[in-house]
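Two complexes come next, and they have one chain in common, subunit A, joined by subunit B in the first and subunit C in the second.
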Partner chain A sequence: MSRFSFFQFFALLKKEFWENRILMIGAPAVLAVVIFVVNFLVASQLSEEQLGTLIGYFSSWFDGQNPFYTASVIILLCLPFLVVYFFCSVIYLLNALYSDRKDMSILFWQSMPISNLQTVISKIVTVVVISPIFTVAAIAVLYGLSIGYLTIVGYGLSMQLSGLAYMFSAVAINLSVVYFFIATSVLWLLPLVGWLLVFSAFSRRAPMLWAIGVYFLLGFFEGFVFNTRFLSNWAQTRFDPDNFIIVDYSGISDRLFSYDMFIGLVVGSILISGSVYMRRYAE
Partner chain B sequence: MTNIVEARSLYKSFGNFVALDNIDLSIPQGAISGLIGPNGAGKTTALKSLIGLCDVDGDICVAGQDPRVARHKLMEDVCFIADVGILPKWLKVSQVLDYVEAVHPKFDRSKAQKFLSTTEIPSNKRIKNLSKGMVTQLHLAIVMAIEVSLLVLDEPTLGLDIIYRKEFYDRLLNDYYDGNRTILISTHQVEEIETLLSHLVFIDKGKIVLNANMADVAEIYAEVLVDADKLLQADALNPIYIRNLLGKKSYTFEGVSRAVLEQLGDVHTPTVADLFVAKMRGQRNESV
Partner chain C sequence: MKKIILKNRFTLLAAIILAYTSLLVVEGLVTDREPALLRFDNSLFELNLEELNEISDRII
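Then we have the complex of A and B:
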């Protein structure tokens, strides 16, 4: 690396943002709007009494709770966002090294003094570090507005609303947990990231079909020849909710420095190196 | 004069198809060099291998570097416009400039903007909303604002109308070329660039058919409109190509002295297009 600077790398990240703003901002924003509108419509169907009961329920649940101990509830409330983030990231990674080959603009990118390794790293940093910011921002706006709405309605019903203040601080404080949960989850799934990038760099068309097809073919081959299920078992344990869902900082740091994480990072890095190599003479 | 491109025994095949058949290629620094050949001759493969975009066997040195080792480093000294190398459609014009300014150490944004101000390209439009001619103008504006020693253009004006094509080459010659920079242009539309060129490379079926500077070409090759009574004499001098022209026969010779040829009829230097046809046809007749 001769003179690769922060300034250059920032430009690569900006480029990813310009290209994928629909996946990065559009998807969580639309989800937030949909959830808000649905909740609003449901709320408008309820009688004043029912609404009051609901607000009272929320309020009393959060009332007096230490916001640091409510992360699991907040993460549960964020689940739709996490699912959308997962699928958007899969699409992003499958297109990352594919779409510019398809429209031939790769010849322009390759004519710039940026190496393939730098390009691929910018895409991984995007999915681990940058994109989650927008998802967390959408969550913040949604819950900010929702709690604001409940507060206004509750105030109109002359209710005691200190619980909502607790709920607000729970959301605000736990947004960082949500952010680090997403970031470490992507690292935890780095083998999947690498797998998707390999087929993004390799396929001439339909990278998703390749990524899924080769996985099942390998699993089938393993079962047929060795009569084992190592590959599918290993993939399943990565997605096992017991391993996957984490609700506090100590859980996040435990996972980050675990042996399983290390193995995943190694496997992921090998696959990612493969995608960098394939990109060298990509057409 | 030193050579900015020096390649030996380049070989590349795609399955059974040999795209580059052990070619040697040298381009002197400061030359405006035309890489000319029919479709499928190996032009794009040759250019791509010079800038590290194609895995190729052989020895290559471009601007003092092996392009296969570190393409991104080479790209600080070499610019490239591909035949179909369209700019990314989803970028805005201003974003392309932002990006290149950030990643390319030798890009001068004010130069690019000065160039763009002479065009009708709006800076807030996305590239997908520009015409094909405008996209090429934009790409040229970027490339001309980058201070590099070698500019590689692969069929840069393909699919453009005549006004854009003429303007493209006028700009290149008047606003960009300074005598030190080297330009390597591939095309199969010879007529358009023939007045520009100082160096000529013909390629056909993966082989180099001609590699010479224009001054040498004028010395080595001659076209003679042979008088009707001298045809036998002309045949005896081994012409590389004969064609009918206005009821007369026009012979193309290689390496025959002008003094001898002048006795046969009207002698002149063939145009690049005519020489190209003569070499291609001659080559094919030999191989039959």
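Then we have the complex of A and C:
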């Protein structure tokens, strides 16, 4: 990749960030604020003794524990962020190739020395690499504020807080696992990414309706005419919670180097290639 | 062939869907893929929704 191509691609990523910063930063930030405020309100309702008992319980639970083990337990606390990330990504991908056709800015972008392939790849890199950074950052701020609050209150109550240092280590490991969890999940769901991009590039209005409607129609047609369930089996396997949830590093490597990941990447690549070709019909 | 596929956006969409479904059907036939969503195993209990369907069939 030449220096010019690199800066060109970097500029595309910056464009994606500026155009979608509400989805990338706003959504996880608002969620983090809501969770912190709710927790703070709940904590403020507790008496000093109850708060001390709670901090003591946290501290003793983490104290001396392997941070890799506790990190895999506290990943459940990130579940709301992962759900919000999923829905924000779906909205982003559906609008990725649709909004610039809607506001006709595609005519400007196609006059620039940027290929359709570069444009589509920049959208995928945004979802796999760039966007999870902001989600993890929001979780990090939330964890930091929570641990800071517990430390200040615990210090005020003259408590033994060595367990909170272990909690800090567990949080640091947890954040890296969450980042790789999101990145590998998007790769795992690359067929879904490709499917959404195809209909984002295809439809003139309501891309979500097209994307969902066509899949259901295909599934119905397959079941009604051929009496088989290949499409629904495929979709169910992709969204199977056993395949989906990762709590430690071994889960990430197991997912990355598997046959299901490979076939998902192949199917996703076909659909993404289709969306690149589809983008030429910009009228 | 390329001209026919790229004739308009509908022919291209039909070609993409055809390629997608063909690959899934072939892969499904080769691997005999079945959904794992119906099985929910963990250390505490085992829930198999397929068995529940069998029970309801017997009742009916």
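The rule is short, and it goes like this: the second predicted complex is superposed on the first by the 279 of 283 C-alpha atoms of A that agree within 3 Å, B and C clash if a C-alpha of one lies under 4 Å from a C-alpha of the other, contacts with A are read in each partner's own complex, and residues count from 1 in each chain.
Just so it is clear, contacts are C-beta pairs under 8 Å (C-beta built on N, C-alpha and C of every residue); 3 or more make two chains touch, one makes a residue touch a chain.
Just so it is clear, the model here is predicted, and its values are computed rather than measured.
Of the two partner chains placed by superposition, only subunit C is touched by A:V267; subunit B is not. In the superposition on chain A, A:L218 makes contact with subunit C only, not with subunit B.
By the document's definition of touching, of the two partners only subunit B reaches A:F7; subunit C does not.
By the touch criterion defined above, A:Q118 reaches subunit B but does not reach subunit C. Of the two partner chains placed around the shared chain by superposition, subunit C is the only one that A:F230 touches, whereas subunit B remains out of contact. Common to the subunit B and subunit C contact sets on subunit A are residues 280-281. Contact residues of subunit C toward subunit A in the complex are 6, 8-9, 12-13, 15-17, 19-21, 23-25, 27-29, 33-37, 40-41. Across the interface of their complex, subunit B is touched by residues 2-3, 7-8, 10-12, 14-15, 18-19, 100, 103-105, 107-116, 118, 280-281 of subunit A.
Chain contact summary for the complex, subunit A toward subunit C: residues 195, 198, 202, 214, 218, 222, 228-234, 236-237, 239-243, 263, 266-267, 270-271, 274, 277-278, 280-281. By the touch criterion given at the top, residues 51, 53-55, 70-73, 75-76, 79-82, 84-92, 95, 98-100, 102-105, 139 of subunit B touch subunit A in their complex.
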